[in-house]
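Each of the next two complexes has subunit A plus one more chain, namely subunit B in the first and subunit C in the second.
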Partner chain A sequence: MNALSKDMSGPLALFANRLNTLAGAERQSAAGALARTGLPDRKVEAWHYTTLRALGKQDYAAPPMQVEASTVRSLLDGVLQAHSAMAALPRVVFVNGRHAPAFSALPDDVDLSFFADDPQFGQQAAPDRDPLVALNTALAEDGLVLRVPAGVDAGHVMLISLGVAGADPLSFHPRHTVVVEKEAHLRLICVQAGQGAYFHNPVTDIQVEDGATLEHLTLQTEGAQAVSLGTLYAHVGQQSVYDSFVLGLGGQLVRHEVHARLAATRGVVHVNGAQRLAGQQVGDITSVITHAASDCTSRQTVRNVLDGHARGVFQGKVLVERIAQKTDGYQMNQALLLSPEAEIDAKPELEIYADDVRCSHGATVGALDDDQLFYLRSRGIPEQEARQMLIDAFLDEAIALVEDATAQTFCRAVMAARFAGKGESA
Partner chain B sequence: MPAVTQTREAVEKLGQSTYKWGFETDIEMDMAPKGLNEDIIRLISSRKEEPEWMLEWRLAAYKTWQAMEEPKWAKVAFPPIDYQDAHYYAAPRKKPGPKSLDEVDPELLRTYEKLGIPLHEQALLAGVEVPEGERMPVAVDAVFDSVSVATTFRKTLEEAGVIFCPISEAVKEHPDLVRKYLGTVVPAGDNFFSALNSAVFTDGSFVYVPKGVRCPMELSTYFRINAKNTGQFERTLIVVEEGASVSYLEGCTAPMRDENQLHAAVVELVAMDDASIKYSTVQNWYPGDENGRGGIYNFVTKRGACRGARSKISWTQVETGSAITWKYPSCILQGEGSVGEFYSVAVTNNHQQADTGTKMIHLGRNTRSTIIAKTISAGRSDSTYRGLVRVQPKASGARNFTQCDSLLIGDQCGAHTVPYIESRNMNARIEHEATTSKISEDQLFYCRQRGLSEEDAVGLIVNGFCRDVLKELPMEFAVEAQKLLQISLEGSVG
Partner chain C sequence: MSQFLEISGLCAQIDADGQKKQILRGVDLSIPPGEVHVIMGPNGSGKSTLSYVLAGREEYEVTAGTATFHGQDLLAMEPEERAAAGLFLAFQSPIELPGVNNANFLRTAVNAVRRARGQDELDAVAFLKMAREAAKALSMAPDMLKRNVNVGFSGGEKKRNEVLQMTLLQPTFAILDETDSGLDVDALRIVAEGVNRLRAPTFSALVITHHQKLLDYLVPDRIHVMARGRIILSGGPELARQIDQEGYTKFLAEVA
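On to the complex of A and B.
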């Protein structure tokens, strides 16, 4: 495989050493696909607004097997202590992409195994279509493989991914699979956090079988120097529900890309989210919702609050295939710019091939409303506080869409802890 | 007249659904050999008796074009175009001497008749005087293939100080003006098709409205593609000085034929302080037959620069023709408080493909833009709205409102909406909304119950759907546009 290295230019070169020493046909073929396409740049339409410059110029090493326990413990506590209910929930903890049994509290009602023990790449995520999936396929070390048996209500499971790095960058590429079998129910809370210069490149393969429900919260509180580029595929069966929400608070560059496919009739997909970014952060929520069957519903509400030099990206495509008559699709993207240097780039997209549908999208961009500020100020509320109230309210309207009460409270607690008294800026 | 009767009459009048304007005019053509190279460009330039700087400009554009690649991002599919397999210059053979109306080929006059150029304009072309002040006159600069044959109302315009002439003439007679503005809004290297156009454009219109002048009439150009295998590369430049205003109409029809024809026009608008330009288009080029054979490829670059404070540029378009449309009339809102508008109806039927929309680039403070785009897809066609709203850091107080609605007729077509929204200013407000739906059963039932045929009912509903845009058109155009909508959708229901 040494022949590959000369094809690896740009950011891909940062992984060249590891890509050249792969074992197994699937990984080698993924590396081959990568060598042909390279990592995406702005010429690729799906990456028009997000560059991978943040990956830097230093090679990414494979993470060490041992990580100092106290560091992990303090990161984990940071996550769990945000809200009192969290510590009691069953959790699977990954450190630098590998399962860390010492910190996990495994759930009972589900079938649980790990990618490292029996690597299965699944069918949904295709390396030849998406270079980041290819990178993951080539380098995947471990991942959660979780199966909720038919008819079981498995309650909550937390999937906590911690990155621990120093100044030398390292990357990890977890491959998670979640299957919610027929008529089963799962509330999945994924948390990404960490410290140091790491690159987190997870691929998640989700299947919600007929009549099943998956409520899925993803909280992104990656480390300040971290790059996190996650790709998630969800296959939604007949009359099943995939209700997802992503709360993006950071990392240097974070992209959450969701491909949800309504594969059978009367399925429901929610791909909601909120981002609050500041400093030099870049946050990107990208989604493709495919209606591949009739009578399905999709809903998407995404809100961005951008301060400092932060840049928010929203790309949301709703694709309605010819067969997907009676589709009901709705998408709303709103952004609040708090500073003169902040930027939002939005591309809500409808691609529709069936005629008997109701699809709509809306987008708004603006600053805090002066009238609303005045209203609060005239009632004696200091400016700082008034701004904070308005920002909180703006984001809270999105967070209110999280139906699972525990997950919703968790979101609010994390926001409160992070942004209390931070309504400042120009 | 109630809208229902009007709609029904329009349908009856138009009769069958074949392309009404599908005829060919048999006039001897003066044609350059097929292919594109520096010699062809020199030939075009010398035929048009252009000054040296114009030739240099064309050759530079040709060099740029050679290094460029055809854009692939639009949602349209077509077989590769062989740019060497086309004639780049075709002119009706004309008699020497001044282009007086008497000398216009009678065959040509009959063409205008079939084109449906309004009666009073035809009369003018035929040399008959119209009593003064009877109705608002319209000046026509008819482009017959590549050479403008006649320009009417020139005298009235001259008195007002307005220059309205073929651009080839302007290059010779107003070189300073043309040199000052040509390529400043759409640079030659802006995109693949604008570079091609810059190298080989043969004709088009030039309009100059001096300071403080309200152009006394609406200006109109009828474009027409005639000779087989001649790409049309019009170039239009409209400059409106401080406090002046103009309304410009562009209408297009083309003869039916079986071969694809490439059309790559460039339109540049410049508006100074307090100036206003209204640019209206009804585009009805041959869309190809029911099986998608033939039809015009329409790859157009239209852009307006609001250079002055409080200037305004308004694009209104009704697009029913062409096999493939690739067109994004844009506004660069540079002057403080300048205004950009885009009103569009795009109809596709059979195998047509349209990727059209607009770009509003907000550079100046308190600039405003409005986008209303209505897309109707029928048959096996695909229609995409693609629009960009960009607010740059200095555009404080910028405001945009965008509404895109798509209507699907039949289950074999596609309608897509791809807006790009980019804001770098916290004091800008952008609102965008889009919907996609089919004609509601309730509305259809309501009309049918009152005795309208299904086709008439659809026509009525579609006209209502497009009302926001149609009402922006000048009156004569609005009538024509309504008819066009009807014809374009014939055979798509029932």
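On to the complex of A and C.
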């Protein structure tokens, strides 16, 4: 396999040592695909607005087997203490991509296993088309494999991914699988947090079988230096619901890429989200929602608040296949720019091959409204507090789309803790 | 000279399409404590601009003149400082705040003002009790506290919400900019009663209106007629009735 290394240039070279020593046909084939394509640059359409320059120039090591328990504990406490209900929920905790049983409190009503014990890559991921998925396929060590049995309402499960690194970069590539069987129901809360220079590259394979419902919150509070590039596949069955929301707050570069497929009639997909970024942060929400059956509904509302030099990227494609008559699709991306240097790049796309559909999309960009600001100040509310109220209100209208009350309250609590009194800016 | 509200030679302009447009051209106005004054005048005479300048809207540039409130230089204060000092503007077109809960908004405003005035902040329970009572006195539906500020409110509901804010913020000087416009007779009476409840030797109001009707409920002390950016005439309550019957033309011709 050493022959591969000469083909690895650009950021891919940062992983060359590890890619050269792989065992197993699936991993070797993924590494081979990577060697051919490299990691994406701006010439690749899906990565036109987001470069991987943030990966830097230092090699990414595999995470060490030992991690300071007190560090993990304090990161975990940071997650759980945001809202009083969280500590009581069942949780599966991963540290640097590996299950950390000492910190988990495993759920009862579900079938649980781990990728490390029986690596299965699933049917949905396409390593040959997506280099980040290929990188994950090549280097995945562990991941959650969760199955909610048919007809069971499993309540909440938290999947908490913590990155613990120092100054030397390390990377982890967890491979998660979530199956909600027929008529079952799960509320999944994924939280990403950490510290130090790490690269988190998860791939999540979700199947929502007929009549089932998955409510899925992803909270990104990755460490300030972290690069987090996740890809999620969701296969949505007949009359089933995949209702997702991503709240992006942390990390140096964070991308949340969703491929949702409405595979049978009367399915519902929500790919909603909000991001609030500042400094030099880049946050990318990319989605492809495929309507591959008739009478399905998709909804996507994404709101961005960008301060400092932060940049938000929204790429949303809704693909309506020829068979998908009576599709009901809606997509809206809105951005509030708090500084002259902040930027949003939005690329909404509708691609429709059916002739009897109802689809709409739109995008708005603006600053805080002067009339609203003056109204608040004229009522005695100081400018900074007034700005904060308007920013909160803008994001809160998106967070209100989170149906699950616990997840919604969690989002609000995290926002309040991070941003209380931070409405200041030019 | 009272030490309450003194406006002298006030001139202000706004940037309109890159051109400076002079709107106030030397307003002189003195309002003593405990009085209700009325400003009437044709559209475009500068009435709303005067109210915005007094409340601190940044878009208007004051080019000359002074305005003092309790002896303080009003024009040097931030809008929130003016509110804390006791000034309140009821907007002609109240602003909608999507995503901002009305009760939270009211409580934030009340506590900001209380803080600035050196009073203790109110907790949620105490505040809600006070707000519910005030809303009830204005015949407002209880759910209006739970809705987003002014979003989906009818014209009348928005105006009542302005009076509710005024009631809770307890100003010593209130400017009501056409608070009567778009109100039916019952709503008009309720709004006027809301203002009347605040009347005290230490409370004054400046009421901008086109109609005599409001003044039947809100008996004013002085009437001022504004035209082309100045107060051109002042008189007693009878002046309002005269304008209501004869229009502005006669008065404008007299000063021309």
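Structure notes:
Operating definition for what follows: the second predicted complex is superposed on the first by the 426 of 426 C-alpha atoms of A that agree within 3 Å, B and C clash if a C-alpha of one lies under 4 Å from a C-alpha of the other, contacts with A are read in each partner's own complex, and residues count from 1 in each chain.
One rule holds for everything that comes next: a contact is a pair of C-beta atoms (placed from the backbone, for glycine too) under 8 Å apart; a residue touches a chain by one contact, two chains touch by 3 or more.
None of these values were measured; they are calculated from a predicted model.
Of the two partner chains placed by superposition, only subunit B is touched by A:Leu350; subunit C is not. One of subunit B and subunit C touches more residues of subunit A, and that partner is B.
By the touch criterion stated above, A:Leu337 is placed in contact with subunit B alone, subunit C being left untouched. By the touch criterion stated above, A:Thr364 is placed in contact with subunit B alone, subunit C being left untouched. Of the two partner chains placed around the shared chain by superposition, neither subunit B nor subunit C is touched by A:Arg53. When the two structures are aligned on the shared chain, A:Arg73 is found in touch with neither subunit B nor subunit C. Comparing the two interfaces of subunit A, the one with subunit B and the one with subunit C have no residue in common. Only residues 45, 322, 325, 335, 337-367 of subunit A touch subunit B when the two sit together in their complex.
Note for the complex: subunit C touches subunit A at residues 55-59, 78-80, 82-84, 88-89, 91, 94-95, 97-100, 105, 108-110, 112-113, 116, 165, 169. Remark: subunit B residues 73, 391, 393, 406, 408-438 touch subunit A in the complex. Interface residues of subunit A, counted against subunit C in their complex, comprise 370-372, 374-383, 385-386, 389-390, 392-394, 396-397, 400.
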